[in-house]
Amino acid sequence: MGRETLIDEIRTKLGDAVEGVSYSFGDDVLTVRPGSLRSLMTALRDAPFDYAVLLDLTCVDFAAGEGRLELVYHLYSLSRNVRLRLKASLSAADPVAETLTGLWKNADWLEREVFDMFGVRFTGHPDLRRLLTYEGFEGHPLRKSYPWRLAQPRIPMKDKV
Amino acid sequence: MSGLDFLTTRLETALGWGRKYSLFHYPFITACCGMEYMSAACAHFDIDRFGAGLTRFSPRQADLLLVVGTVTHKLAPVLKTVYDQMLEPKWVIAFGACAVSGGIYQNYAVVQGIDRIIPVDIYIPGCPPRPETVLDGLMKLQDKIQHQKQDWRWAGKP
Amino acid sequence: METRIQREARPESMLINMGPSHPAMHGTIRVMLELDAERILNAEVEVGYLHRGFEKTCENKTYFNLLPYTDRLNYVSPLINNLGYAMTMEKMLGVGVPERAQLIRVLMSELSRVSDHLTCLAAMAMECGAFTVFLYMMKAREFLWDVIEFTTGARMTTSYIRIGGVRADLHPDWRGSLATAVRETRRVLKDVGGLLDKNSIFLGRTRGVGVISKEDALSYGWTGPCLRSTGIPYDVRKASPYLVYDRLEFEVPVGEFGDNFDRYRVRMREMEQSLRLLEQVAVLIPDRAPVTGEPAIEPAEAIRVSRRQKTAARIRLSPNLEGSEKARYADLMTPDRPAALGSAACGVVVPPKEDTYTTMEGLISHFLFFMDGHGIRPPKGDVYFSVEGGNGEVGFYIVSDGTDRPYRLHLRAPCFHIVSALEQLIKGRLLADLIPTFGSMNMIGGELDR
Amino acid sequence: MLELTLSFLVFGLLAGVMIVINYCLGPRKPNPAREIPFECGSPPLQSGIGPVHIPFFLVALLFLLIDVEIVFFYPLALAFRDRGFGGLAALGTFILVLALGFVYAWKKGIFRWS
């Protein structure tokens, strides 16, 4: 099945969830409504499309310019050897998304990392805690609002002159 | 030099000689410098020729703390605990630019040099330092140990 | 503060830290274990001890300046990270790379892959007690690093593969050092195979330990040797070939049960395939006549002469100087300039020094290339490209907003997904099984915590 | 009797000198961190050791059995030449009995921890 027909079939089958289709540098990108994210992912993972691997989940902070956080999912279909990128925009003030831990097991750590770095809360996540930073760390480092060199040491430091 | 001093200087040189050739090091390895530590410790650039080859993975039995690689703020308490649990006399080598001064990472996550947490004896620059530089740093530490004054308890010295 | 495992632990079981500063935990992972006399009832893995803020740092560096940071991601196979980053940028800028540079890139990334597998298996074998294997494999890695060092100048943190090509041509005597490296590595692989393959202790510790099924491996997002050990032949070099991999023949070794021993065997056979690739590429790379003969003048003198009239004499420059081989530029650096850059004088590659010293346009393009706000400025948009790294699919996702700094740069770290399955692999096993299982995953802190 | 007292004297003196030298030369800086157990640098998850599990205890017993056996070898080894065949028989039965105990423990599955 060629790439275009694949995208068209996705649109026909799951039209309502998909807001738009675009191509960036040769990869096909679907922009998705965050509300229907989980149902779309379940459909994409199962039979006709079988995107078996959740390659990657990350987040991009457009809070300053457009006041939104953009979740970026990369899926890979093993049998069809094709990649797909899905984008879902969340409001920067209160970023909440549905968890995908039921569908893929690596979503657990990926979502914990996005929560740690961007503050996106995933409803239904079994154990949403910080992954890369430590307990007493305030703020979310990868947000553009977080200063680049603001360290929060855990033990007192002798500051060299 | 009073008679007592003559006696102690001979003993101090003997002590220094004994300590510098039997360094048990605790490799506190975290990042990329660990690969160069492996090369320095293995057959090609053998660190064992200087008597420092035996790695002890417990601070109780080690007298040289080899901090190899980046120390992040999350790891800082671990480094402090391991250093405190080492017995005297102990020495610390900062191995690699990240341990010396935070290296190329100057941001919210990395401690800008481990001498903000623990006293350091020898700084080995390089990102990562070549094994020859590591051996040179080790030899400099051995000189330092050789000429280190011993704090004599019964002689009343501070 | 109370961790998850302390809340869930039964009162009579023993709670132990296999903490960050542990020889088998490569210094950057803490596994909290709930033990019932050597049997692991529950485990919690805590990562992030080597989180160095790579992605935040990249947002404040220009595209050209953040190349050294990519070396320190998977520091066991640094050239493959360089390759991943450079090719992602080339995909975004839409520039091609000359043939010779592609061949050199394949040569370098295969060298890096063999040294990655050597280091991983050396550490895994040593942690199971086979110290001799560790010494043998480190010796073999020295020979491989010699080849890399002669060409790139550094043993490990090379920053050699640049956006649009490679930094410099191969070392004149590269065939000799490559031949010794391949021969030594083959001898070490034969010795280690003899030592470990039928060793009942090693088999007892790894066969049937840390087993993962195909579905679980895919559900955890496993890629690379660990996924292939379960039987799924997914390799980015075959699935979506890049560089010249489609012209080289090599097989993709596959295991059956997906346990530690299969991961070990897949890496061993993959090293043999990489050595085959090295030999094929060595044949494909044409020999080059050394560029000598004409009189070369010093840069200072060239500037003085070119004040009066343009000088055609070759300038003698130190080979370590960036962009000092104009004659080789046609083979090593991409000539084309992305249309998106429009009228900007500088391309994506450091302008050759001969032009900078003698012509006004060369000086301007050199100045513009390094000036703040003017260097490599890819068009707006986001791109994802992945290469086959030592642990699996190393993917770079870059969002650019047209300035010379990436708006967002994210690394798809293969061992992040592999280590997230550690808790499931060791639950119910003995404490001693954790060590080979973790060793065969080849966790690299720099890539996992970024 | 003289050799016995002499040897005890010499070894006692040697041990005493070593302890005194250690006390004098080793600089001592007390540090609260040395009291907590070394758990790879992380704070310990549990204070004090809970109940010890049976398999550890059984293996300790087995070690005791073999260790005591070795201790009894020394006098036998010294007096071995002049005892002739009788000494060998005594040593043989002694080892046999202990080996029986070891094999019994082995068959009862001390080493199978699953």
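Letters A, B, C and D mark the chains in the order given here, with residues in each chain numbered from 1 onward.
Everything below uses one rule, namely that a residue touches a chain if its C-beta (ideal position, glycine included) is under 8 Å from a C-beta of that chain, and two chains touch if they have at least 3 such contacts.
This one's a predicted model, so the numbers in the text were calculated from it and none came from an experiment.
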Chain whose Cα centroid lies at the greatest distance from that of subunit C: D
Centroid distance [mean C-alpha coordinates] between subunit D and subunit C, Å: 50
Interchain centroid distance [CA atoms averaged], subunit A/subunit B, Å: 44
Distance between chain centroids, defined by C-alpha means - subunit A, subunit D (Å): 58
Distance from subunit C to subunit A - Cα centre to Cα centre, in angstrom: 25
Multi-partner residues of subunit D (at least 2 other chains): 40-42
Junction residues of subunit A - those touching two or more other chains: 133-134, 141, 146, 148
Shared-contact residues (touching 2 or more other chains) in subunit B: 74, 77-80, 82, 107-109
Chain-level touch network, classified as line, ring, star, complete or other: other
Inter-chain touch pairs (all): A-B, A-C, B-C, B-D, C-D
Residue ranges of subunit C in contact with subunit D within the complex: 3, 5-6, 11-22, 25, 30, 32, 36-39, 430
Residues on subunit B engaged by subunit C in the complex (per definition of touch): 27-32, 34-36, 38-39, 42-44, 55, 57, 69-70, 72, 74-75, 78-79, 82, 104-105, 107-110, 127-128, 130
Residues of subunit C defined as touching subunit A within the complex: 1, 4, 47-48, 51, 53, 55-57, 59-60, 91-92, 94, 216, 218-221, 223, 232, 234, 239-240, 381-384, 386, 393, 395, 397, 399, 407-408, 410, 412, 416-417, 420-421, 424, 449-450
Parts of subunit B lying in touch with subunit A, wherever the complex brings them together: 73-74, 76-77, 80, 106-109, 111, 113, 115-117
For the subunit D and subunit C complex, residues of the former touching the latter: 39-42, 44-46, 49-51, 53-56, 113
